[in-house]
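We just call them A, B, C, D and E in the order they show up, numbering each chain from 1.
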Amino acid sequence: MIRVENVHKHFGGLRAVDGATLEIAKGSITGLIGPNGAGKTTLFNVIAGMFAPSEGRVLLDGDDITGLKPHELFHRGLLRTFQIAHEFGSLTVIENLMTVPANQSGERLLDVWLKPGQIRAQERAIREKAEEVVAFLGLEAVAGELAGNLSGGQKKLLELGRTMMVDAKIVFLDEVGAGVNRTLLRTIGDAILRLNQERGYTFCMIEHDMDFIGRLCDPVIVMAEGKVLMQGTVDEVKSDERVIEAYLGRGVQNTRKVMA
Amino acid sequence: MSFLIAENMVGGYGGSDILKGCTIAVEKGEIVVIVGPNGAGKSTAMKAVFGMLDLREGSVRLGEDDITTLSPQERVRRGMGFVPQNNNVFSTMTVMENLEMGAYLREDDWSETLDQVFTLFPILKEKRQQDAGELSGGQRQQVAVARALMTRPQVLMLDEPTAGVSPIVMDELFDRIIEIRNTGIAILMVEQNAAQALAIADRGYVLVTGENRFSDSGQALLENDEVRRSFLGG
Amino acid sequence: MTVNPRACIYFGLMALALMAVGFLQSWSLALTILNLCLISSIMALGLNMQWGYAGLFNVGVMGFAALGGVAAVLVSQPPVAEAWSAGGTDLGLTVLALAAAIAIIVLVRRAMGKGPLRTFVTFVLAIAGYGFVRIFFDPASEAIESVDPSKTGYLGGLGLPIILAWPIGGLIAAGAAWMVGKIALGLRADYLAIATLGISEIVLAMLKHEDWLSRGVKNVTGLSRPVPYEIELQTTDWFLGLTESLGAAPIEASSVFVKICYALLFVAVLGILMWLAEKALHSPWGRMMRAIRDNETSAEAMGKDVTRRHLQIFILGAAVVGLAGAMLVTLDGQFTPGTYNPLRYTFLIWVMVIVGGSGNNWGSVLGGFLIWFVWVEAEPAGLWLMDLATSGLGESSTLRAHLLESAPHMRLFVMGLILLLVLRFSPRGLLPAKTRHQ
Amino acid sequence: QDDVKIGVILGFTGPIESLTPDMAASAELAMTEVTESGLLLGGATVTPVRGDSTCVDAAAATAAAERLITSDNVVAIVGADCSGVTTAIAESVAIPNGVVMVSPSATSPALTTITDNGYFFRTAPSDARQGEILADVAMERGIETVAITYTNNDYGKGLADSFAAAYQAIGGTVAATAAHEDGKADYSAEVAALAASGADTLAVFGYLDQGGKGMIQTSLDTGAFSSFILGDGMIGQSLIDNIGDGLVGTVGTVPGSDSEGAASFDVYARESGIEGDGPYRAESYDAAALIMLAMQAAGSADRAAIQAQIMNVANAPGEPIGPGELARGLQILADGGEIDYVGATNVELTDVGEAAGSYKELEVVGDSFTTIQVR
Amino acid sequence: MDDILNAIVLLTNFVIVPALAYGAQLALGALGVTIIFGILRFANFAHGDLMAFATMVVILVTWVLQDAGIGIAPLPTALIALPVGILAAIAISLFTDRCVYRFYRQKKSAPVIFVIASIGVMFMMNGIVRVIIGPDDQSFGDGARFLIQVTQFREWTGLKEGLAIKMSQALTLGVAVIAVAALFWFMQRTRAGKAMRAYSDNEDLALLSGVNPDRVVFYAWVIAATLATIAGTLYGLDKSFKPFTYFQLLLPIFAAAIVGGIGQPLGAIVGGFIVAFSEVTITYAYRKFLLYLLPAEWVPDGLVQFLSTDYKFAISFVILVVVLLVRPTGVFRGKVI
């Protein structure tokens, strides 16, 4: 579905992404892990059109999408969330969600002035959908709150919620789990699975919580120093020496770690 | 009587109260972990303890003194250090300058602390001339913790220090926190990686809608089924 | 839409203030102030669209207002036949030459691939084109400007009713905004500010120096009016009859009547604009604009074409400012490029938007009213204050004389004081934008 | 009626704010003189009411005029100053309300043809004529090439145009022309460009405490020009005081005559702490004087009555009246006689109600302007 | 050879020296704006009027000194009065901060609120200065006016072209260089400077590091007021003092600050020179210059001027816009509001 071919992204002398080549299969939930600073987020940014790559190209269903703007990619069904939440701070949670759907006729000024009826109907539908998402994420209590006033974890949830407002083909999740309560994260994991199975979403997610990755992802891609280190199932990855060395550490065997 | 104790805090951001009478205490040489659902008021409680939020009720005491009305920078002077959840680095300053700012109030020679910090987070030594704003998410988090360590506090408060850091760094961080605790510093920490955090905690609080729901030793909380199911994802 | 009680109170107070002027000073003055309040409101509304809706930091209000103003000249003044015959041909050639130059540049750019070479060639061609166009343009402008320079010296306008200049002024400003936006909207906040500031200075420099078009600093006075002249009214039978039946003095009545006519026109324009603006702001479109203002990156990732939306709102806002500029020139009856200075046409409008409450259309209208009112009434108020403050000094004191002498400057002082007071006690403006907090 | 109000609308704030206080003071000097004489309409006092024209903001200026006319009920207006706001006030306030305006300083040729119903007068001559006279002065002194700089408004531009046209018509060469904006920080670019033209003489049509001064200062500092030709806005002692020796030999013209009028006004004004030879001060005095004399001639402070009498008191026949002699004029009028107000600037109004204008040719000798002749 | 020297002197006299001096003047002003922007994070529109206020105090003191016959010829007397002016400027800055800005700081208002508040302060200061000293032109310079005079230079060198360097120009340039160096050192190297940068970056976090915000704000105003006084006085010595001109100076100062990268002291200096040089070089008429260098028949008839001085401001803004398009945050990566 997505093919990344020899992508480089350099900041001055720093090679944040340094020749990454990988593929994300249709219908999969692909995990992307790697040490801090491995270039995962940067790669997402290149794929999602935030940065132009210094070199290389990105294909979506065989079409070259390198250099397309984020909003164009959105219309092709490519969505992403941000590692550091990017909410619309002065809109309420509900409004944040209602802003997402594309092609709202209410976003065209002439329609606003000339076709109020049509807009009202559309708005009703969108609002219902947004309320569904809010309920799902357990944000009812803050539905009318300005998104800027949410707690760190709530912002993360909202970030995820936005991708649920439209029918996406592929969703890139950048550390949705960081800062989210683990009980809730389980529910989110269930939702991701459901979206994947019932609606055929493809996911690619960056995550540091190996339990979460282990539950959802197959395959897992490991990045280090801007390159793809390896790809495989969770178990393959977990037992790979290089991955343990660079990323997982031996803390799993640590005496502190009482929980299995 | 604990070293740092915030009792019966009530307050919020102007609208309705977020904190509804919660109490948090930490002893010297003790790690206390706060867990709870998103939006429970954990960060708010931390800010309140640090004086970044006006309390309507309740008091904060450090050692013998009532510090409820002191300003945050006055609390820093008294030996409190804090890593907030968001916006926790100086993004237009280099990593090195971030660390220097951590040592801003220190009169003594802090080069030793700096060495310790660099051994803990080797990546920071490598990137010390880079602006913190250009770091990856996890690297920023490391800078934030390192900055707080540089203050050499008596009480160290961390709001989700491990959010977004890789497992290997997280383990090291926890190891390090234990070491710090062993030097007699009080540590108060909010965590969503709750299982790992409670494992090293001496005591833990579960905070829900601004109130203490459970408080017990870390081990006991981990073993409490209800807590595990509802809050630890287990 | 619910009625905001606070808005009612403020607008009520504003009405009272204007009535007080009517009773204490004169109705004619009250109406003069009202008319300018209305125009200021429209200008503030335009700026509010750019800043309040979309967060575009436009500090070039003056330029758009001036472009709107020049429309009044170009639409309403009679054409100057001698000037057309003196320079018309050359001017036609200039237009052709310009079109040709642009066409060549566009073609060459199409033919070449992207890269520094293309930029360089474009640059060289642009300079050559500039030289080429000037071959025709220089004699044209010279010929036109030498036609009776002390009276005309320009091409004149279309000789149409001046009211048409309002929408046309809006269009001209919109066209300029399109160009400015294409160039500068990629810049971020404060950099956009300085770019727009600069561009407004450029627009003004052109209006001042391109005499063949607008007479430049020699000014165009005596523009036609959309309403009757007082002098004519004073000798018109039906009007005299009217004043007689009302028992009013014809001279005062005529000037009040004319101002009421203007006021009605302005209110109509403001009413229509407000309806459109309110509809837009409280629609999904308005929500999208606020989202874009909050976080462009994220809006872009949510499928909103931020660049296009910015351009759209920038053009709309500029058009409204241009419209107001044309209305102002119509009311003044003259177009004087020297009038335009950033203090009066940019900063004062900004003060209106902020004091009113940015993001809120009603706030802008209120800000327009309040600030203009203060701007005018600060002069006598300053004098009065000074008189009061120095009354203890005795009639012959030189200090008192000096201070009274400088009283006009108290206008600035009073203006500043009021601004600071409003800002102090209502930092988000008198009518803050509603943030639906629960 | 024992208290008559006369409006004084000048740009007390804005670009010419440094010129206006003395202009207003001169006008008010005439009013005090009349009040103290106790002869106006059998002992009426005259009170000035000031309004701020801002010089540039037509909207604010009309509002100020509106206030003076409809609220303070002034019977006539001395003002305004800059041509733009003057036109705006005249057209939308003064003329519709039937109030006389006498401007001391709006010199734009365009004002000659404004449809004023006879309500607009000015004691300053139109610029068109000054340009011709200055051209002659320059040519007679053997200056054959000049560079021109003018303040970028209708006054500067108009004067520069008329000077250039007249000068070229009698064989002079204008090597370069550059406008300067008043109140700006730096004029090196303008001076540099003008200097490159190769001319030695710079004609400056601006204001002596504005850009005009800056242009001269910069020219002297860089050695770009050594001699200057000055328009009326540049004439004043303060220019010499500020700039010093470099100006020696500079020539200029200023409206006025060598009548004892101008000199005695200077002396008279200085007693009240006004520098009487500064720009437009004498004109301001005359403007106020004309209004009050017309009032006396009409025997009433009625607005229309004043308008009807302005021309009569300004022009012959009648007893000539100079500055400081208003009491005498009032007395003659009270006794039913006729006067010809000459005033400080040799007032003689053309049939469209503006000063016909004689000009003084001045030269800087030592450290002051000296009148060479009157044209 | 002489021709080449003449050409160089010509260009130096009419382009380089004036542009350097003007650039330095703008730079000093821009430094003050940039400091406030960098630390308190708003564009201070009252800066021009702060300069006017400070200069007014200097003038008043200078007059007193001149009357008393105290001076330091050949340097201007105003330099002795400078400290008083600086103190007055600091006092009024701190006073306005206390009465106006502090409130918004505590409320964490949006930067544009500060900007508008500063417009309010600008209006008020505008009024105060005019009420005290009046709107007129004031000259207060004394001492030697020139370092080198045109006639002297011609005599010394025997060249046809002359060169003038004014005392005030040399002073301004020197002071600007010293000021920026000192400021740079202060901000980058000293503890207080680092605290200021930290504060400007992330106010809350600075508090958590123990930075005393009141101290930072105090320093910021002290520096800005000092710079304003120096800039205003030097400018007044070079040209003359007039409140309205000081207000007008604001636009090029802002342009300079922004093109250099706002919040960056070095940027302010570079920005000042970019604005000044673009104004002078692009509108200069190169005919005379070319006449020295080329055979007469090669030199075109016109003035060889790229653009008329009418478009002087326009052109400097065009350059600004171009610079910003190429480097969207100014020459030295500035901040964004």
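We take it that contacts are C-beta pairs under 8 Å (C-beta built on N, C-alpha and C of every residue); 3 or more make two chains touch, one makes a residue touch a chain.
These numbers were taken from a predicted model, which means no experiment stands behind them.
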item: Length of the shortest touching-chain route, chain A through to chain E; value: 2
item: Steps in the shortest chain-to-chain touch route ending at chain D and beginning at chain A; value: 2
item: Chain B-chain C separation of Cα centroids, rounded to whole Å; value: 54
item: Chain D-chain E separation of Cα centroids, rounded to whole Å; value: 36
item: Centroid distance [mean C-alpha coordinates] between chain E and chain B, Å; value: 46
item: Rounded Å distance between chain C and chain E, as computed from the means of their C-alpha atoms; value: 31
item: Numbers and ranges of chain B residues touching at least 2 other chains; value: none
item: Of all residues in chain C, the ones touching two or more other chains; value: 208-209, 409, 411-412, 437
item: Multi-chain contact residues (two or more partners), chain D; value: 13, 17, 21, 152, 179
item: Interchain contacts, given as pairs of chains that touch; value: A-B, A-C, B-E, C-D, C-E, D-E
item: Complex interface listing, chain D residues touching chain E; value: 13-15, 17-18, 21, 152, 176, 178-181, 183-186, 188-198, 209, 213-214, 217-218, 221-224, 238, 241-242
item: Chain C residues within the chain A interface of the complex; value: 276, 279-280, 283-285, 287-288, 290-291, 293-295, 297-306, 312, 435-438
item: Chain C-facing residues of chain A, complex; value: 48, 50, 69-71, 74-75, 79-80, 82, 86-92, 95-96, 98-100, 102, 104, 106-109, 112-113, 116, 119, 122-123, 144-146, 148, 162
item: Chain E - residues contacting chain D, complex; value: 13-15, 18-19, 22, 25-26, 130, 134-137, 139, 146, 150-151, 162, 164, 166, 235, 239-240, 242, 244-245, 248-249, 252, 276, 279-280, 283-289, 303, 305, 308-310, 312-313
item: Complex contact set, residues of chain B against chain A; value: 13, 36-44, 85-86, 123, 134-139, 141-142, 160, 163-172, 174, 178, 192-196, 199-200, 219, 222, 229-234
